[in-house]
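These notes open a run of structures that come right after.
Here come two complexes built around chain A, the first alongside chain B, the second alongside chain C.
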Partner chain A sequence: MTPLNFPLPNVVPLIPEMFVAVMGMGVLMLDLFLPKERKVIGGYLAILTCIIAGLLTVQIGMAETVSAFYGFFVQDPFSSYAKLLIYAGTALAVILSLDYIKNEFGVGEYYSLMLFAMLGMMIMASAPNFVTLYLGLELMALCTYVLVGFQRDVLRSSEAALKYFILGSLASGILLYGISFLYGVSGSFDFATIGAAIEHSGSGAHFALLLGLVFVLAGLAFKISLAPFHMWTPDAYEGAPTPITAFMSVAPKVAGLVILIRVLADALPALNVEYVTIFSWLAVISMAVGNLAAIAQRNIKRMLAYSTIGHIGFIMLGVIAGTADGYAGVLVYMTIYLFMSMGAFAVIVLMNREGIQGELLDDFAGLSKVRPGYALAMGLYLFSLAGIPFLGGFWAKYVVFMAAIEAGHLYLAIIALLFSVVGAFYYIRVVKYIYFDETRVAFEFVENRLMQATVAVTAVAVVAIGLYPQPVINICKAALGGII
Partner chain B sequence: MLELAFFYMFAGLAVVSALGVVLTSNTIHSVMFLIFCFFNAAGLFFLLDAEFIGIILILIYVGAVMVLFMFVVMMLEVNFAKLREGMLQYLPLGGMIALALFIEIIAATGSGVFSPEGIPDPGHAAQSVNNTVEIGKLLYTRYLLGFEIAAIILLVALVGSIVLTLRTRKDVKYQNISRQVNVRPEDRMHKVKM
Partner chain C sequence: MDLNNVLGFPILTWSIFLPTLGAILIWLFLKNDTAVRWASLAVSVATFFLTLPLWLSFDNSTAHMQFEEFHPWIEAFHVNYRLGVDGISMPFILLTSMLTIICIVSAWDCIKTRVKEYMLAFLILETTLIGVFASLDAILFYFFWEAMLIPMYLIIGIWGGKDRVYATIKFFLYTLGGSVLMLVALLAMYFKAGQTFDIQALMAYPFDFDWQFWVWIGFFVAFAVKVPMWPVHTWLPDAHTEAPTAGSVILAGILLKMGAYGFLRFSLPICPDASQYFVPFIVVLSLIAVVYISLVAMMQTDMKRLIAYSSIAHMGFVTLGTFMFTQQALEGAIFGMISHGFVAAALFLCVGVLYDRMHTREIGAYGGVVGVMPVFAAVMMLFCMANVALPGASAFVSEVMVLAGTFSADQLYEMVISSKWVAVAAAISVVLSACYTLWMYKRVIFGDLVKAEVKAMPDMNMREFAFFVPLIVLVIWLGIYPLPVLDVMHASVANLIEQATSSKLPAANALAAAEMLQHAVAH
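Up next, the complex of A and B:
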């Protein structure tokens, strides 16, 4: 038998991934040696991991495109920027967990699973290939299933995890089935090779390709909770521990959108007409479901779940536009959404009351009289989510709407505008509770410096980006290298 | 010719047993059908000269995964009457979706892309080719990254299942083994002068 001879793959682009994987295992091991009252160190380590991974990603160089591991991994500006968003989302979610999770069983496993989920998202962001995409997706999904059901003794947490797990597995199966059709036509898992093969395929292959496209899109739409594949979102958001809800509302969405853009731009450009039609409908349904159903919610976590569905509908306008401006708009939207959503969840986690976190809308009544600072921050996030001018959320919507109009989807932009007006109603209703109603429930507020800093930083970011959005837009445009 | 006959036997039985998995209402029967389905799929792999995958399918899926399934099914008390309750209510919509998918899949596979002309027959591998060696070579070179990620997924599955199941319950009495082992006679027995 001949000895195995092969060039050692270039591991430099994977240094952040390897670091996060090692730290994930390190947190798991360290937890064994920590006494109960010092388990929180695992959380600080997780935050440190996110920061160092961010520095590594920047250090390795964001400007150039490097392919590694026989084309199973790619590092380009697009993936690097997405990874920075993922680190930020994870770090903030860990900060929110520090106090929330301290009395639970298995604190070390919790932080370790968050790091592994982050690793899965990083792999997704760098996937040039369906094999890597699927493995990253499963790594992320498996961690989030466990994290959603982490509070084993809370019935709705277990129920949410089970629902999420069953529907998630179904979506993964559908995605795989779609991939198998694309593989059957092209004979490859590589996005670029599939793209080239589709260009040259005859009309006989069209139907098989269409079926593959539909299944792949349905599988990915589930992950970013685009209606009508959103059914799991409200239940999972409500049942999950609140920091995990915050985590799920940002980081997996960034990873899902990035990989969706990569699949569409690299593998399926030849099916542009078909997917634009599909996504136009899905975006409209998503905006309608998200913004109309949110009005009826009394639980703020459920309301924010529908709000996510609505926002994903808006974000899809950027994907539908399919231009540089559109894709940059998606990144801008996710960047600003990260701050708004994380900030809002931080306030919810801070309003702690023996097992129940400020979850009902009524709980927010009169917040301005008890804690004017939190009230102001929450007001800013909500106005920003509603898209009131000169806050971050306004520019997020502006960029994607303009991209859609320039790409010739005027009618979609008008529908989106109408729904964002509808959406403004339920956001501003919460502001009314906070400022104009009498206090109904007394709360103990969590006193945690890092969490208070999170609220302050995100609120300042929402205002600062609102007043001066150009740097963010420029950075996102520069981050499109490797895609267009 | 013989090969073709075997192909139709394995493929036909796989389809029939797959139908059996979904259509029988007794979960134990479903699991048995699934095991049979895996055997036939393994037979198809053998016909493709992929003995390693065929054997792995039998060893791991039939030998381990399905036995576990069987345990789970037997331990859960499934109420069959309750399972059938919603059936008629969801049948029209579910049936329509299933029919639409069925027609689409027939149309897609029938359109000629997957015909023998489109995908040439690779023929049989030489006798000297060793499946296990070839898969090992590919797995540790070209597919190294995927292999490593799969390893981490397994770790996460392990950690996750422990996190979700291992917890101390306050209403159950436990034995503290280290305390039992460390017990000294003088703690238990007092000599009293009479």
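Up next, the complex of A and C:
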């Protein structure tokens, strides 16, 4: 009998993932030993985990591309940068949770679930392969379903979780179905191998490929809430605990966009014409649905849900462009969106007591007279989301529109810009409540230093990037060095 | 790179950012309303004196950009921080820094709530306005152009009148909607012209006609909304009416000029052939603005609305003169913008003075004001006469120049309709403007003093009189002796005419090249 040849795989690129997994379990177990009033320690540990994971990711190298586990895992600048965004998004969401979630049942599991969701996203970001992708995606999704329904005594939270779960499972099924077609044509799960196989496949396989493409894209579009696969988003956003809404608005979107770019650029470049057509329509529908439906909302969480749908529509311009500049634009957009969205949710959470106040637009009336600092920060986020310069949001739109125009999608850019004007309306309407209206209800605020610091930092970041976007753009461009 | 800056000092950067710097310091360190008022006044006066050297050290003899500055900003997109002024943009910077002082003084007593925010908004607004006029990079220009929306939105929305929310959202969306198409045009040009946003490089780049056509439309939408031209003017009466007095002053004085300035800086030199092509279109819209809007103005019962419509009509004169491609008409148009900046600002201030006393802008609520406010009546008469373009007032100079320049444009260009008739039609508005202005004046100032509230009105105090003095001096001085301002713009306007009348099309270029070759051979 010959001895099994079993070389130890290169685990170095996975160190951050392993660390996060260990910490996730650690937080879960620690929870058993913590008295109720000190459960919040789990939250601080989760923040610490994000920070250390960030340091590890930077430490093991942002620059080079390393493949591990026989091509089932890849670490490259693209994934590393995406992971940094995911850590930041998660850490900020944990900060927002510290005060919000402390009276809930099962606080320890909460932070542990966030860490595992983050782990799922990290795996997604590093997936060069449909199997890895699916593993990461499901890990993330299962954790998020639970987190959305975490306030199990609140009817709308449970309802949201159930809706999200059912639709999410359906989307996963659709994704798997699509993957099976691609596997059938190419005989592989590996993106690069699929890409090469499609290149050499005859026209007979075209229909199967098209089916595979459509189903895979539908599954992924669901995850990034691209219309018309957005139906779950408003309900899930509204029903979820606000910090989880903040969490869902950024980190999973980053992971979803990264994986989408990888699939398109590595596995399906031969179907460029087809997917550009599909995405052009989806982007336009997304902008229309997001920006128009947001106008009708009275609940700010729902409004921001539609706003996310609209922003994903804009971001798709970078994906549609299909150039390094376009993909870099996606990263730039998500980086800036991270600050705007997290900041806006931080203000909402700060105004939130007993889980009700601060969610309706009316509740913002007269905020500027009571808390000028929060009002100013919120105003900056809103103008930034609307894409008005000297704020970061302007450059976010600028980079993707520029990439789209460079790639020849002028009409798409014009449509997107017109929808951004529509979008401006509902953002500046919130500014109207904050600055122009008189106070209607007495305000209550959560006093939490860490959250206030979050507001300050994100507001400063939005202004700083708005005035000097060069560093962010350069980093994102460098991150794209390996992918194309 | 060789920068033409005689002062050897980044004067434009300081002029742009001094107000913001002051605003930040005021925001951080001052709490007391009175201190905030004085500090804001100090900052705006300092900015005005800082911009004075632009005028004093300006070289009238050249059309080149002056006081240039250059720093790379976003290298990934070749977006640079490039500043400079010529004879067209420089007067507007001084106009801005001067009107900002007047805005701050005029708000001294009548703004009682959130004084600090008000002053900060005006100082930041000043930064963006000067930035627009000083930018030589298209994206930098757009950056300031759009950033202006934020303070203006807040000024109208927080301190405005009854329907302020409707007015300010309308203003914001109209302007934003117009400008995004300009952004598309700029981005499209960037790739066409070899990845540059340098306005001067874009002026020199030979775009073909189709390209010019679409880019021109993109620009037109943005600038026409801002000017505003009929039929996209409807935001202006609302915004003017609801804005606080100083907001109306800055709107009429500067913001409207940004649109016309855009035509001069972008449309004419970058798309000369398209500009020629669209002359009849612009002429028709301008004449509608001049004649139809004047008639609309006559029917207004609200003083601010009346002056707002009068502004649209006067800006119609400006757009008309802009697209006549004669030195006289173009200079008249630019001079008209400056003059209108003073006159419209002063008229809004007059309404503000009345409003502070009666809290109504209805013409019918007044009558016989001359009996209780003789000084005010005299001041307002002067500006009404200026609005009518009576000889001796600055507006007279501009209207005569535009009309004369339009009249003579035929000799230079073939047009669908004779420009003589255009001039005649435009001249009708001079009569109409007399009708609505003087009729308003008559109803407000003269008549019987019957209303008890009017009887109780005190005349202007020293502070109110103080901010009229510079305006009175300037309107009369420029009306009698306009040469200093005209001298500044001669060279730049001549250069602009040269750019706007030399075709960028290959056929014309080939022809010109062939002629040059023949010359060379002949010698």
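We adopt the following convention: the second predicted complex is superposed on the first by the 479 of 484 C-alpha atoms of A that agree within 3 Å, B and C clash if a C-alpha of one lies under 4 Å from a C-alpha of the other, contacts with A are read in each partner's own complex, and residues count from 1 in each chain.
Everything below uses one rule, namely that contacts are C-beta pairs under 8 Å (C-beta built on N, C-alpha and C of every residue); 3 or more make two chains touch, one makes a residue touch a chain.
Keep in mind the model is a prediction, meaning the values are calculated, not measured.
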Partner contacting more residues of chain A (chain B vs chain C): B
Contacts of A:L113 with chain B and chain C, given as first, second, both or neither: first
Partner chain in contact with A:Y435 - chain B first, chain C second, else both or neither: second
Chain B versus chain C as contact partner of A:F229, first or second or both or neither: neither
Contacts of A:L139 with chain B and chain C, given as first, second, both or neither: first
On chain A, the residue positions that both chain B and chain C contact, one per complex: none
Contacting residues of chain A [partner chain B, same complex]: 1, 4, 6, 9, 14, 21, 25, 28, 69-70, 72-73, 105-106, 109-110, 112-113, 116, 119, 123, 131-132, 135-136, 138-139, 142-143, 145-146, 149-150, 152-153, 161, 181, 184-185, 187, 201, 204-208, 210-211
Residues of chain C touching chain A in the complex: 73-77, 142-144, 146-147, 149-150, 153-154, 157-158, 164-165, 168-169, 172-173, 176-177, 180-181, 183-184, 187-188, 190-191
Parts of chain B lying in touch with chain A, wherever the complex brings them together: 104-105, 107-109, 111-114, 118-119, 133, 137, 140-146, 149-150, 152-153, 155-157, 159-160, 162-164, 166-168
Touching residues (chain side chain A, partner chain C) in the complex: 383, 388-390, 394, 398, 401-402, 405-406, 410, 413-414, 417-418, 420-421, 424-425, 428-429, 431-432, 435-436, 468-470, 473-474, 477
